[in-house]
Amino acid sequence: MSGYNHSQVWLAEFVGTTILVLLGLGGVANGVLPGTKGHGFGILGVALSFALGIFIAQQCVGHISGFFNPAIALAGAVVGNIHWTHFWICFSAEFVGGFFAAIIVWISYFPHFQSLEQEVKLSVFASRPSVRQQYWLSCVWSECFYTGLLSFAVLSISNRGSLAIIAMPEVSLFKEELQPLFTGLLIFVLILCGGGTTGPALNPARDLAPRFAHWILPIPGKGPSEWWYSWVPVVAPCVGAVLGGLFAKSMKHMLVAGL
Amino acid sequence: MSGYNHSQVWLAEFVGTTILVLLGLGGVANGVLPGTKGHGFGILGVALSFALGIFIAQQCVGHISGFFNPAIALAGAVVGNIHWTHFWICFSAEFVGGFFAAIIVWISYFPHFQSLEQEVKLSVFASRPSVRQQYWLSCVWSECFYTGLLSFAVLSISNRGSLAIIAMPEVSLFKEELQPLFTGLLIFVLILCGGGTTGPALNPARDLAPRFAHWILPIPGKGPSEWWYSWVPVVAPCVGAVLGGLFAKSMKHMLVAGL
Amino acid sequence: MSGYNHSQVWLAEFVGTTILVLLGLGGVANGVLPGTKGHGFGILGVALSFALGIFIAQQCVGHISGFFNPAIALAGAVVGNIHWTHFWICFSAEFVGGFFAAIIVWISYFPHFQSLEQEVKLSVFASRPSVRQQYWLSCVWSECFYTGLLSFAVLSISNRGSLAIIAMPEVSLFKEELQPLFTGLLIFVLILCGGGTTGPALNPARDLAPRFAHWILPIPGKGPSEWWYSWVPVVAPCVGAVLGGLFAKSMKHMLVAGL
Amino acid sequence: MSGYNHSQVWLAEFVGTTILVLLGLGGVANGVLPGTKGHGFGILGVALSFALGIFIAQQCVGHISGFFNPAIALAGAVVGNIHWTHFWICFSAEFVGGFFAAIIVWISYFPHFQSLEQEVKLSVFASRPSVRQQYWLSCVWSECFYTGLLSFAVLSISNRGSLAIIAMPEVSLFKEELQPLFTGLLIFVLILCGGGTTGPALNPARDLAPRFAHWILPIPGKGPSEWWYSWVPVVAPCVGAVLGGLFAKSMKHMLVAGL
């Protein structure tokens, strides 16, 4: 945890996840709610919102701890990059941050929640499958595979960086300055290219915590929170992230052996 | 003020704010006025205009002084990063720059101001709420919260940079070269994700000065300048920026203590 | 091959091409298949998908081997930058990766392949001319010329980088960190500006391997795989890439002589 | 001219201008010609085409000579940054490059030039005012002002860079690697924000040379080349660029005095 104590890491993960989720859900709200200035800007705008959300979050507090995603933190713990204590700190801070962010988005877009379509309201908070219910296996696959790719890419880039830092200490400058931008571009392309079926969430804190907020907030005429689907964007990203992390670790061993 | 005298700082803030506001309002004009080549490009184009406006302004004169926003300069003075003299220089230069820029935009888009809709003409100059009047509290919240986030993020990134410069002087290169790009991306995502309700202005110089220009310029059939709303994008960003700056400062103390 | 053995290079090219093609084809699928969240985002979204696809692929495994395109690898071998052994490793790994990626895209977008239009289904996998058949020569020209420009630009940037590294070793940091981003922007602009007639593929592994996947996969109501056109995005990019590579080499000689 | 001889500078300006104009006009062609894959992508796509066109051109040959624009080269000669010989080399190479590029775009989009609207065909080659003829003064203003801003910004950024290089030689790395990207973003925002009235050309080589190509090429049913307007995107950018350059130079003197 690079010299920071547990409370500082918790605070960083809480602030960062709040920033990520409030910008991401804010982008969805601006794109789908009726009467907003950005109504109808589509998946490009939504993908940019989440991408730049993680970019800003990592720029602000990422030097302390920069996961903002329980699935990636889980992968980090499983492959041994972080302690399990660090994982549980991330886990709790991220869910509280995601819940807090959902409330801010609701307040910010309060006038636009007077619309009639229940499903639009829910889609601001939680991911929803774009296909008929019998294809839920596709959504499980999408969340699992694309979070796996995210986990693999984040760990591969980080591994490459570690090798380079040993060779040249100045590389750490690049990591600190440019890595948040690259992570943002990674999130962008995963939503753009893998987002046809479910969104996708890629992050339990971005889906479960706001869904809970949708469930308890007094949004008029809000309809059901679709809890039957809620396990998909939690379990599938975690499974995918761990598999992607293990794949990155095994590739690292194969590739480092060649040096 | 890094070795520059008061006139030089005034000039830099004037030139920079002029560039920022003329590109930002120019983007709005191209997007909303009838018959332009960019008509209807939506909030993505507008957000890019303001984002790249601040990027270009900081690239040109940001090494002298790079606020271009009285609310952020106020936050800088309150948390003690700049002298109050520097704030008043910024304040006057930025309002003059914003007014000057509005005139340039009017000249540049002169033929397209022959349109009939009064509200479209005003929206080139000043931000307008997208919702019915009874929800003005939402606009106050949006301007306050998102400017607060801007202020928090700008100061957090700057604090992180300061720590890094002590450790490694080469980091200052990154700050000078990449920070304008990162600030631009920050503005972009704040407009994209928080812009559903009011725009938002996030910057008194971008709203009050051009509104004044709209009020005195002989634009044919221009309609009212909606002065009743004009206090919102002035007071709310200032309150938000100061709160965000104080939050960044207190987090800095908490986090530095951990090193 | 910078210290890596043949299996490691094969693995890197396989993983990288899989990432590039699955993100690129995934972007096409999200943009054209019915009922997806990104339906209709157009050529900007598709160009971003391929651009960021190569960016992510090079960030993950590009320090080992980063062609992901048999035509560019061929140009590298012809101008003498890589051994022919390296070319054949790339060639086989890239076609297997492209085929594997096409299967992943089909699985990911499975529910959306229930649509009726045969041509839309094919266009997820393979490039198709946008004009009537008598203009096939235009497609040959487009694939040849724009891949030639890609090859020329990649080699010119790489040559310039090599000169700079001799002068200042720190430049290698930039190459490793920023070059993938620049290559992505290059791909983006080539599709945006040269993509009116055919797409274009610019890469045999992105067209022939997925077309083969379209041919053998049990996609219901899939229609013909248009094999009559399949030679164009294979032969023309290879011819163009070699010519562009030779042009870059001859310019390098002319320009280095001046130093 | 940094160690390169006249023929090498001519070749660099020719190749660079060809790349810039063929990507820029190719983007326009893809956006406006009927039946293309990018039909209707609007000013965002066109602005990206020119922006990334200059980015790629500078990445390939910009270390030798990177103007690709006679108006900016003229400003450079007037303020004393380059010799007048260098200007005349740029001038001739850029017009030949622009003409050559227009022919390549015509060949690349040959099948799509079978359309009936004469004005669409011309707009691929030359800029056209979006407003009625009596407002031609607006077009003169736009070309003059926004090219002036381009010239001011390019010279200001370059001046700032020169100061920094004296202080720290590593800065030259940033200049060489990142400056092309920043110039591209500058072009992008100028088209986005100043492009409502005329496009604008901002560059005589991008307008006059392709207009000449339109005039002599055997495009079926092509209509008039609108020579009456052709002086605007030549004279106005040159006047603006010189004024912007002189303003940058006088600011440099004022600001350097403060150090």
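Letters A, B, C and D mark the chains in the order given here, with residues in each chain numbered from 1 onward.
Here, a residue touches a chain if its C-beta (ideal position, glycine included) is under 8 Å from a C-beta of that chain, and two chains touch if they have at least 3 such contacts.
Because the structure is a prediction, the values reported are computed rather than measured.
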### Message
Give me the set of chains touching subunit B intersected with the set touching subunit D.
### Response
none
### Summary
The C-alpha superposition of subunit A onto subunit B, two copies of one sequence, needs a rotation in degrees (nearest 5) of 90
### Message
Which chain has its C-alpha centroid farthest away from the centroid of subunit A?
### Response
D
### Inter-centroid spacing, subunit C versus subunit A (mean Cα positions, whole Å)
28
### Query
Just curious, how far off is subunit C from subunit B if you go by their C-alpha centres, in Å?
40
### Message
At least two partner chains per residue is the criterion; list those residues in subunit B.
### Response
44, 170, 178
### Task
Pick one for the touching-chains graph, please: line, ring, star, complete, other.
ring
### Interchain contacts (touch definition) - all pairs
A-B, A-C, B-D, C-D
### Task
Please give the residue numbers of subunit B that touch subunit A in the complex, ascending.
42-44, 130-132, 135, 138, 141-142, 145-146, 149, 152-153, 156-157, 160, 164, 168, 170-171, 174, 178, 182, 185-186, 188-190, 192-199, 251, 254-255, 258-259
## Note on the structure
Listed in rising order, the residues of subunit C that touch subunit A in the complex are 3-5, 7-8, 11-12, 15, 19, 22-24, 26-27, 29-30, 33, 35-38, 40-41, 44-45, 48-49, 52-53, 55-56, 59-61, 63-64, 104, 107-112, 170, 173, 176-178, 181
